[in-house]
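Listed next: structures, encoded as structure tokens.
Consider the two complexes below, in which chain A is the common component and chain B and chain C are the respective partners.
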Partner chain A sequence: MNQSSFKVFKYELLNTVRNRWLAVCSVLVFFVTVGFIKVSGDFDKALLSMTSLSVVGVPLVTVLFSSLYWYYNDRFTQLLLTLPVKRQTLYVARYLSHVGALALCWVGGVTLGFLVYLHFSAGIVLLSVLVCVLVCVFVAITMAVCAKVSDRMKGMGLLFGLWLYFALIHDGLILLILFALRDYPLDSVSGALGVLNPIGLARVVSLMHYESAMLLGHAGALVRNLLTSSTGLVIALAVGLVWVIVPAVIGLRIFQKKDF
Partner chain B sequence: MKILIWVAAWVGVLGTSLSQASSGGPQTIRVCPSCVETSIRKAIDGARAGAVIQVSSGTYQEEAIVIQKSIKLMGEDTGAGLPVIDGQKKVAPITIIKTDQVEISGFVIKDTGSSYVEDVAAIKVIDSKNCLIRHNRFENTTFGIYLQRAVDCTLDDNELRGQAKDESSGGNGIHIWSGSGHTVDNNRVSGHRDGIYLEFVSHAKILRNDVRKNLRYGLHFMQSSDADYFSNYFSENGSGVAVMYSKKIQMRDNHFVLSSGQSSYGLLLKEIHDSVIENNEFSQNTVAIFMEGSNRSKFRSNRVVGSGWALRIMGDCEGNEFEKNDFIQNAFDVTTNSSQSANLFKGNYWSHYSGYDLDRNGVGDVPYRPVSLSSVVLEQIDSSYVLLNSFLFSVLDQVERALPSMTPEPLKDEEPAMAQFGAGVRK
Partner chain C sequence: MIRLVDLKKSYAAVNALNGVSAQVKPGSITGIVGPNGCGKTTLIKCILGLVVPDQGQIFVDGVEVHSRGWRHRENLGYMPQNPEFPGNLRVNELLEMMADIRGVAPQSRSELIDRFEVQPFLDRPFGTLSGGTKQKVAVVSALMFNPKIIILDEPTVGLDPVSARRFKDLIKARAASGAAVLLVSHILSEMDQLVDNMVFMLEGRVEFSGAASDLRKLSEEGLSIESAVIQFLERREQALPSSRKPLSGEVRS
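The block that comes next holds the complex of A and B.
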């Protein structure tokens, strides 16, 4: 890495970490975690609530933060690109610093909340991994959309719509399909449809580690084995990786060819 | 001098009478590897009714022992552990036929034969009354204790460890077929097909047994009315506990734990009527209680925790009452396949209840509907499990609770408790 790329990296990272809203978000997550622990009086239950919240909340926060940052720094980005800085360097630097800062903000808030009660468990590690994957996926998606759509209202509207789609509408569509085709065996189809959505993927992975694992007794033996075995986890990770790489590469391509 | 003679004479008389008494008592035969009698079977052949046969430590590889007289067969640990009766994977070690008052205690019985044609048991009791089987250990037996048309037997403090490989070749730990008045107390059963099996048995008492890790059911009973099941522990059995076609059952202070799997139930009730299920603890089951065709039973003060489904009650169940139970952290509280419900839910604690109690009387002011929309959806479409815990399902559940359309309207708890009762097994 040469001198200027390093400077770009450093600048992006500092600029992201210094952001006040991230600190606010981290504190908020911390208090929500403590609140869940206080109200439920049960670490496992609090962790489950926190996981359910994170699966939907992390994408929303990621989308909002990342797009706001992009549009806010739009002019400065253009200025920076007049200098001999590779677009790829800037894009990757921004991506990595966003992922790092957001993941740290959320995971730090949750972990601190539990550490206050001197509690640590495997569930927290799982939650952290899920949060990191979700952040990776949604920063990639957000940056791709922002690179493509220059109008900030349009861009943010689109991103919010995407979040809504992944959080709610996609599941609704699955439900409709399952209802329409209820007479057919759809175990594997519904599984496949489920992982077409990064939020659904994270939820299904978390599902098998908590109380609802009992419910999987009801699912077909094949699906249950797949979900509870390490093969299932590897498949989930692979799908997660596809969800990171595809939007990141598309976003980078768009950004490299963008005519400001 | 006269007095001395008189006393001596009396002592003499007393002495003879005492010795007479002892020789007229039960005949005692000792069996041990170095004794005159080394075979239990021959000792029984030579014994009178009422005899006590004491067997010392050692391994006895006998042919099938058939008991047809009232004797007591007592194993004694004379330093090298309990005497072992070894079936050598060939024979059915002990059979009691048409003989009352037989006692067998203190043995290790191992390696019975196995057969697909007949039920080979370590101890089989046929057409007999008042048998007493206690303090024995059964290792690698196909069937452990098998009572056939027996009456008033007591099975106490036995340990049965089977090594059943599959349901078709395995046998049951304690198998009771036709009979009445048995007491099965404090036995430990594992590794069989069914732990305890009863069919056509009335007035049985099943107490304090520890039944775990059996291939099929921990407890399996059919057509066995008026039975009491108290303080048993059922855990990790393939399909949990199944009770069918019986009336007037009492189940109290039992644990039903860790039955997880597709067709696995903490407690499956099929056509069970007029029964009482009280102070039991159900935890970590896929389905804690499953009811089909069961009427007029009372469920009180049970604790149901950490299940996938706490209660699945089919539409053909009527007149059952659920009172003062604690339903804690079950993914789904109640599901049913009917839009109607003729069962009463009253004053239970539900951890999912989110109502309020403005008058502070400990009873929630709005009714609780334990059937959630997502459970109805899941009931109808198995594969919708991918949507569990989803934002969509929680939104739908909230809407449905406010305005029931798909869930059975009458199935609700009008007086949900605000705090747990601390129900479950009484300490």
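The block that comes next holds the complex of A and C.
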């Protein structure tokens, strides 16, 4: 991050972390975490529940918050672009501020929930890493969609549709394909299809830790075998990186050519 | 100085700018008028770099501005019609942000804060301010660096009469000290008070470009820009659907 990006980032982050909805979300995550611990009476089970909630909840909160921020601050974005600032600088600064604020909101809520009971484990670190990766992916997707689609309702509708696809429909489609072609050996194909979904990928990586991937999502179960090998983990990391870089680069290109 | 040469911009089937050429000289106030949808906003957005023209050139101080250029904005102060800053930042923080991003110390911040009585609001979040106070904050943020080029889009909308008068005096003083001021407004009486030169736009074209006094002469009474513009539009409406007739005696771009 260069000096100009850092300056814009500083004020974008300040504005974002002061957002009351983000604070409400953080408090909610904290109480849900405490609730899971109280109900289950077991830290591992509570962490498992929070993980399965996070892999679906983090992308939803990210697309909602990031798109609302984008559309409501459209005129401020225009004002910033009348200052001696490159478009790329503004885009990078906004991306990093959203990633920082959203990751802090969710990870902070979960971690504090466990720290209340003076509990800390490797599982919390893993969950935090997954939350950060999911936030990175979905902020990139959200900003690319918002840069392309100027109409607020269309943009938010498209983003909600994408979230629904990644959270639910993708798994259903894989199941349908496997059912239709059940007479053919499709394990590796279905595994490859599974990693095309960032939520499915996060779900599998996290739940392998609890040996319960088979229970959570069909794509999750299919990809599990692939990811147990070291090659598989490298592939998972590479796919995660691609899911961050591709939408971020596409979004930046759209933003640089955009007419306001 | 800003010089626009044959600017063209279209959105889908609409020609927002259809070969616009004009210039804004230093030490003068140039007004842009025209009915809604005539291309005024697109024109200033092209200068600001918010819209990339399909064709044509923009020169600022003799240097051509490229589609991704941003250096020319170091000397440019822009005040939008409805200023919007992040609602969670305090006014003080916003002004600091502007200075921080520009990387220069504001020369007339205190003077403008006093002139527009913004002092009591400095510690308040921007989102809690009234429309008029937001407008005053926008004036301070746009002009506190003493920019050489000032672009104003309906600047007095929302300002109380006293602040509007102070604002007009300020703009005149800035022009007198050498700034090139470009003013877009629908308030033609305000134009009459302020501008030295006029650009009258219609359907993405420049119908008149020249001294404000020359435009006034086009009205039957020869008294005001307002009557000249209204009479021209009425005459044009009566002439439709016949071909467009340029005004006689003016510089047509």
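The rule is short, and it goes like this: the second predicted complex is superposed on the first by the 237 of 260 C-alpha atoms of A that agree within 3 Å, B and C clash if a C-alpha of one lies under 4 Å from a C-alpha of the other, contacts with A are read in each partner's own complex, and residues count from 1 in each chain.
As a working rule, a residue touches a chain if its C-beta (ideal position, glycine included) is under 8 Å from a C-beta of that chain, and two chains touch if they have at least 3 such contacts.
What you see is a predicted model, and the numbers here were worked out from it, not measured in a lab.
A.B. asks: Who does A:Gln78 touch here: chain B (first), chain C (second), both, or neither?
C.D. replies: A:Gln78 sits against chain C, while chain B stays out of touch.
A.B. asks: Report for A:Tyr11: first if it touches chain B alone, second if chain C alone, otherwise both or neither.
C.D. replies: Once the two structures are laid over each other on A, A:Tyr11 reaches chain C alone.
A.B. asks: On the A-aligned overlay, A:Asp259 touches which partner chain: chain B = first, chain C = second, or both, or neither?
C.D. replies: After superposing on A, A:Asp259 lies in contact with chain C but is clear of chain B.
A.B. asks: Between chain B (first) and chain C (second), which does A:Ser150 come into contact with in this model arrangement: first, second, both, or neither?
C.D. replies: neither
A.B. asks: Classify the contacts of A:Leu193 with the two partner chains as first (chain B alone), second (chain C alone), both, or neither.
C.D. replies: first
A.B. asks: By residue count, is chain A touched more by chain B or by chain C?
C.D. replies: The larger set of chain A residues in touch belongs to B.
A.B. asks: Just to be sure I read the superposition right, which of the two partners does A:Ile174 touch: chain B = first, chain C = second, or both, or neither?
C.D. replies: first
A.B. asks: Give me the intersection of chain A's contacts with chain B and its contacts with chain C, in residue numbers.
C.D. replies: none
A.B. asks: Would you mind writing out the residues of chain C in touch with chain A in their complex?
C.D. replies: Answer in residue numbers: 11, 45, 48-52, 68, 70-71, 73-74, 76, 78, 80, 82-89, 93, 97-98, 100-103.
A.B. asks: Could you pull out which chain B residues touch chain A in their complex?
C.D. replies: By the definition above, chain B touches chain A via 260-262, 264, 284-287, 306-309, 329, 331-332, 377-378, 380-393, 395.
A.B. asks: Residues of chain A touching chain C in their complex?
C.D. replies: 4, 7-8, 10-12, 14-15, 18-19, 73, 75-76, 78-87, 256-257, 259-260
A.B. asks: In their shared complex, at which residues does chain A touch chain B?
C.D. replies: Residues 45, 52, 56, 167-168, 171-172, 174-175, 178-179, 182, 185-187, 189-191, 193-194, 200, 203-204, 206-207, 211-212, 214-221, 223-224 of chain A touch chain B in their complex.
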